[in-house]
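Two complexes are shown next, each including chain A; its partner changes from chain B in the first to chain C in the second.
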Partner chain A sequence: MGRLFWALAVVFAVASASFFLLAALPGDPARIVAGPQARPADLVRVRKDLQLDRSIVARYGLFLKKLVHIAGDPKASEHASCERVIPLVRGYELHIDLGRSYQHRAPVAKVIFTRYPRSMALAIAGIVIQLLIGVTVGSIAAAKKGTWIDRFLTGITSLGVSAPTFLTAVLLQYLFAHRLRWLPLDGFGDTFLDHVRSIALPALTLGLYGAAYFARLTRDELITLMSQDFVRTARAKGTSRLRAFVVHGLRGALLPLVTAAGLELGSLAGGAAVTESIFRWPGLGHLGVEAVLNRDGPMVIGVVFVAASTVVMATAAIDIFGHWLHPLAREKSSE
Partner chain B sequence: MFSTRKASLLFALIGVLGCDIALPAPLPVGHPADDTPRAGGTLRFASLGDVRSIDPARCNDGVSSSLVRFLFAALIEFDEQGKLVPELAERWEVLDGGTRFRFFIRQDVRFHDGSPLTAEDVKRSLERALHPDTPNPSASYFRNVVGYDLYADKKVPHLDGIEVEGSHLLSIRLTSPDAAFLPLLTLPPARPVCKSAGAQFADNWAPCGTGPFQLRDGGWSKGQFVRVVRNPMYFVPGLPHLDAIEMHFLMNPPTQRFKFEVGELDFVRDLTHADTIRFARDRRWQDAIARGPDLDVYGESMNTEMPPFDNVEVRRAVAAALDRKAFTAVRPLHLSVNTATLPQSMPGVDATFQGQTFDLEKALEHMRRAGYPFDPKTGQGGYPKTISYLVYPLGIHEKTGQLVQQQLSRIGIRIELRLVSWASYLSLSQRQGAVAISPQGWQQDFPDPSGVLDPLFSSTSINATESSNSAFYRNPALDSMLARAHTEFDPERRKDIYRTCNRILVEDAPWAFTTSLHSFEIRQPYLRGYTPHPVHSYNFARTWLDRSTTGTPSSLGPRR
Partner chain C sequence: MKRAISRVSALLPLLLLLVLALTAMVMTVDDPRLLVPERAWLSPRQGHWLGCADGGIDLLSAITNATMRALFMGVAVALMGWAIGTPLGTWAAYRGGAFERLTSRTCDLVQAFPTFLFAMSVLAAVRTPTRMHIAFVFCVTAWVPFARLALAEARVLRRASYIEAAEALGASKTRVLFAHLLPGVLGPTSVQFGSSAAAVVIGESALAFIGLGPRDGLSLGSLLEQGLFAMTRAPHVLVVTVLVLIATNAALLVSGRAFRERSPNPAK
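And then the complex of A and B:
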């Protein structure tokens, strides 16, 4: 219960901070909407249209009042910018209302919830690749500790961490899409198969970048675990090296790996802006960057709110899974 | 051992991946000797930007304006020489001393939904675009129309100044004569829309007009692409030649190049600067390259209300101290030297007029006259305070600002660059008393001097905030000339007035004019019948595709 309270408090604080930060920044969102050549009379009209003529306190009050609420008459015009979360009894519904985007002229929640699954899909695909490559490379490096293979793989992972995603992305585009023509250069596609083909390169870009971290984590954890007394005891009792490696080593490394993967998933689901932009993957990351550049306040707050909520939920999930994965914690709770 | 052999393999791989920057040969043309337009095919191009709307009533960015032209025809339009010509109106008359414009609308025009275009539709479309509830940021351009203020205040249901005189006869009355009114009718908000648009703007309306192409269901995926298809009822016989146009949004320059090389794009403008230079230098591509129109004018705006630029001699010193050729080196293929108020491609501009020229000795003399003599040898003297210069990141001005800093230091003006966000830059640089000098640019909405000079230099454009006259320049003589130009309908006399305005501004130097920006367009040789337009980007109204069915880029593998 305490954790839930703190999670909600974190999300609320982040959303409020972004609201005030955006309001405090110099520059006029109306100017960005109307264009640099708009005349003063046009700006007055746009400001009124966007409710920017109201005080910041009034706008914040309205923002909080509408953020999460229960709607008695969901079809009323005041709920036009709402996204239904859960249907309740007697026609009541739990709504999220993040306002209307200045630039998209559409409900922020609607735009975000269209994009969110795409960012989540990319995040999951990216994490899967990160884990597949990272754990494999890390395990090999740990098994070959101190040899040239270990040094080579450690070097490669350093390269992976150091190479910026925009470079990796363009190189992958060049090789797999432009030269070999196996995959599309960019886009989202129309059919499910198109989506799968289109997600491959951005996921690989994220995968290669993050795999380096998981490889290092796996290697270090495995090397530490393999020198522990209980592994030595198991080996002395006749357990094969492979079995000791997998059962005692990899299983022990699972908790830090899951923790890291969960946090990574949370941050990637909030949008991998550079990768999404290069591959024109229509997710949250690009939406957020565009919103910041355009001073689209409601959209920025919406993206921050959803991203923060995802990180908080991922952290909560890690707490639960970590508890279940960790033998000592499990034993304590069963006592 | 790993070290040497494997490392060299690794770098060889990176080299193969990253260093193949040579351009392929252009894709072959089907019938190079035959200039007869061929019907069919889909033209594909991409943009680095996105469109906010395809509704002409809510259209205020460059990309959407071009797109709107595919779908919506206008009463009158600029031709490829920048001259106003009939489009939906067969002809027009200027009556009552320039306060009434009567349009004779073509009777053979149909909207994409099949309904005929009438004068009532033109009136309804204009009223819809200018309605106060419509998010049209350029509505006040039309404030000279009789009854605009009452309509904008919702005190009357219709705009009195737009009169339907017959089924295909329409008049627009103005409160005062305006020779610059006709170009406004080429802007997106004045383009007729189908009856389905209704009398008021709605976000979910499916765009429908009288243009050469139409939008079908699913034709627009925001942030991804728009696909418009040929309008079989288009009123110009034989046009358009293309079956469809596909425009892709938010596409990165390297991706655009990759797609262009294999013929997945037929036209590019947004390549990286390095790639643009590669195309410009490659002889094989010379016939497929075109210089676009000068759309933007750039200059250093000096706040005439703030020291030291309240002193005209300091402003003249700045104008003489800037070596504009160095500015063009920032983007040699896109920037041209511009020494006066208007871009060179604007019709009627006097190409022989020298304007503000670089002369360091003259600049030092102006500084001496201003009371700030400077000795370049010792670095002594000059204006004693450091002046803050506002720039925003990633634009051309971030680099030209450094040139301004360097070049003005030679006459004793010390500049400190202040980097702010784009939104802050816009706000601060046009706020009274906030900034002494800043880089400014202006993109012409239509090729008429009034569209540049009125907002930038008329005292009526001065506001405490959001002042388009960012130099806060007041000159009654100039104001009077600009007002006279609006009532002068004789083209030659009007040109003379603007030439005088130009001379006043060059002499008074509220801006040190520096450069103008144009696009650099590269098309596949099989994209034929293309001519750059002085106003509109993407002038595909008369283009056709003549792609050879044989021949693929030799360097590429099979398509899977």
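And then the complex of A and C:
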């Protein structure tokens, strides 16, 4: 319970921090909305529309009040930029309001909620590839501990960490999209099959980058676990080496792997900004980069807020459910 | 003795890289910013050992300058993060209570913040970003991993019997913190050094890659972007930059192992 309270407190702090950060940066939002050749009278009107004529404290209060609120009459004009979250009793609804985007001319919350599932899909695909490569490589390295195979695999994976995602991304684009023409260069596609084909390269980029971490984690966990008494007992009772490895070793490594994967999922779902931008994957990260470059203030606040909240919620979820996943976790953490 | 050798050998790639870059910087007299349009995208030849890039800048001279600047910024930011994060984390763990929780939650907050978007919005707001701006942005987040490690390490150490002994002998809190606790934490947190510096090098080149780098263009990211642009005309630019970027990053990551200890943990 305390953990959940802290998570909410951090989310609140993130919202405030992003609001003040953006307010502190130079640049006049009214001029961005009205355009560079707007007349002074128009500027004044836009400034009034955006409530920029009020003090920063007043705007902050308004921002917080609107952020999450309960609406009695959802059709009212003041709820034009709201996204309905949960319908409550008797026509009351829980709303999230992040303002209107200057660039998209649409409610920020609406744009973000259409982009969010796509980032989540990419994050999940990336994590699956990371785990597939990482656990396989880590298990082989642990099984061949100390041999040249171990050293070779460890070397290769550390090379994977050294190659930044934007490098892997363009090399994959060159090979699979430009040379072989197997997969689309970038974009999102129109049909489901297109989506799957489009997600392959960005997911592989994220997968190759993070795989090294999971490989090292799996290897170290397995080596520690395999030298423990319960595995030796199992082996002495005639369990095959493979069975001991999979049943006793990998199962024990499950908790650290899931913990790491959950944290990674949180940060990827919050937007793999660089990867999404290179592949023009229309997710949260791409949206954020665009918003920054277009100086779309409300959108930047919205993306930062949603991305940070995802990380915080993922961390809290792992803290809360980690113990449930593995009954030995409490003993292990006191080691 | 064997351990000492393996520690020094972890620093070898970084030293090798530094020596190579410095030699190249001394050997090439070319100004890395000198534009000579008629030799744009020249392939490697005598006098220009790595060829030339966009606008005819000498690639060897440009890439060594970019690497040295990136390395310097990475190490400087990591040092800064270490110098701020470690004492803060140690102090928080020693004081305990609300201050410890606050520090730990602040770490959560900063880590939850999407760093890349933050860096982008600051750099997009500044009209002409310089290296100081970029380094500053990375410093805002660099202290967090150090503070986290220090918190974890000092939580264990503060129950050690030598700390108890120092307190029983009447040492002041400040003395215990600086003379007894902090020295024990400085070592373990320095493991983070290599990966922090590497993260800065990557972050800086990623920013330069999307066009938010320093104005002089002396960044591995801008060179990489040039290389991609001229991939078919002058593939040497891409190949050289990719290799140097990976080598720099790997050297920094490996150098972190020089600080790894066998963890003589008195609390156990």
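To be clear about the criterion, the second predicted complex is superposed on the first by the 300 of 335 C-alpha atoms of A that agree within 3 Å, B and C clash if a C-alpha of one lies under 4 Å from a C-alpha of the other, contacts with A are read in each partner's own complex, and residues count from 1 in each chain.
Just so it is clear, contacts are C-beta pairs under 8 Å (C-beta built on N, C-alpha and C of every residue); 3 or more make two chains touch, one makes a residue touch a chain.
What you are looking at is a predicted structure, and each value in this text was computed from that prediction instead of being measured.
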Thinking of the overlay built on chain A, is A:274 touched by chain B (first), by chain C (second), by both, or by neither?
second
A:198 contacts which: chain B (first), chain C (second), both, neither?
neither
For A:218, using the defined touch cut-off, is the partner it touches chain B, chain C, both, or neither? Pick first, second, both or neither.
neither
Once the shared chain is lined up, is A:151 touching chain B (first), chain C (second), both, or neither of them?
first
Based on the superposed arrangement, let me know which partner A:9 touches: chain B (first), chain C (second), both, or neither?
second
Is A:174 in contact with chain B, with chain C, with both, or with neither (first, second, both, neither)?
both
Classify the contacts of A:40 with the two partner chains as first (chain B alone), second (chain C alone), both, or neither.
first
Kindly classify A:139 by the partners it touches after superposition: chain B alone (first), chain C alone (second), both, or neither?
neither
First (chain B), second (chain C), both or neither: which does A:31 touch?
first
If I apply the document's touch criterion, which positions on chain A are contacted by chain B in one structure and by chain C in the other?
25-27, 170-171, 174, 277, 293, 295
Note: in the complex, chain A contacts chain C through residues 6, 9-10, 13-14, 17-18, 21-22, 25-27, 158-159, 161-164, 166-167, 170-171, 174, 270-271, 273-274, 277, 288-289, 292-293, 295, 300, 303-304, 307-309, 311-312, 315
Report the residues of chain B in contact with chain A in the complex, numbered from low to high.
1-3, 6, 14, 17-18, 20, 50, 52-53, 58, 60-61, 132, 135, 137-141, 143, 203, 222-224, 248, 250-252, 254-255, 258-259, 261-262, 264, 420-428, 442-443, 445, 455, 463, 465-466, 468, 556-560
Counting only contacts in the complex, chain A reaches chain B at residues 25-29, 31-43, 45-46, 49, 103-106, 148-149, 151-152, 170-171, 173-175, 177-182, 185-188, 277-278, 280, 282, 286, 290, 293, 295
Of chain C, residues touching chain A in the complex
105, 108-109, 111-114, 116-118, 120-122, 124-126, 198, 202, 205-206, 209-210, 224, 228, 231, 242, 245-247, 249-250, 253-254
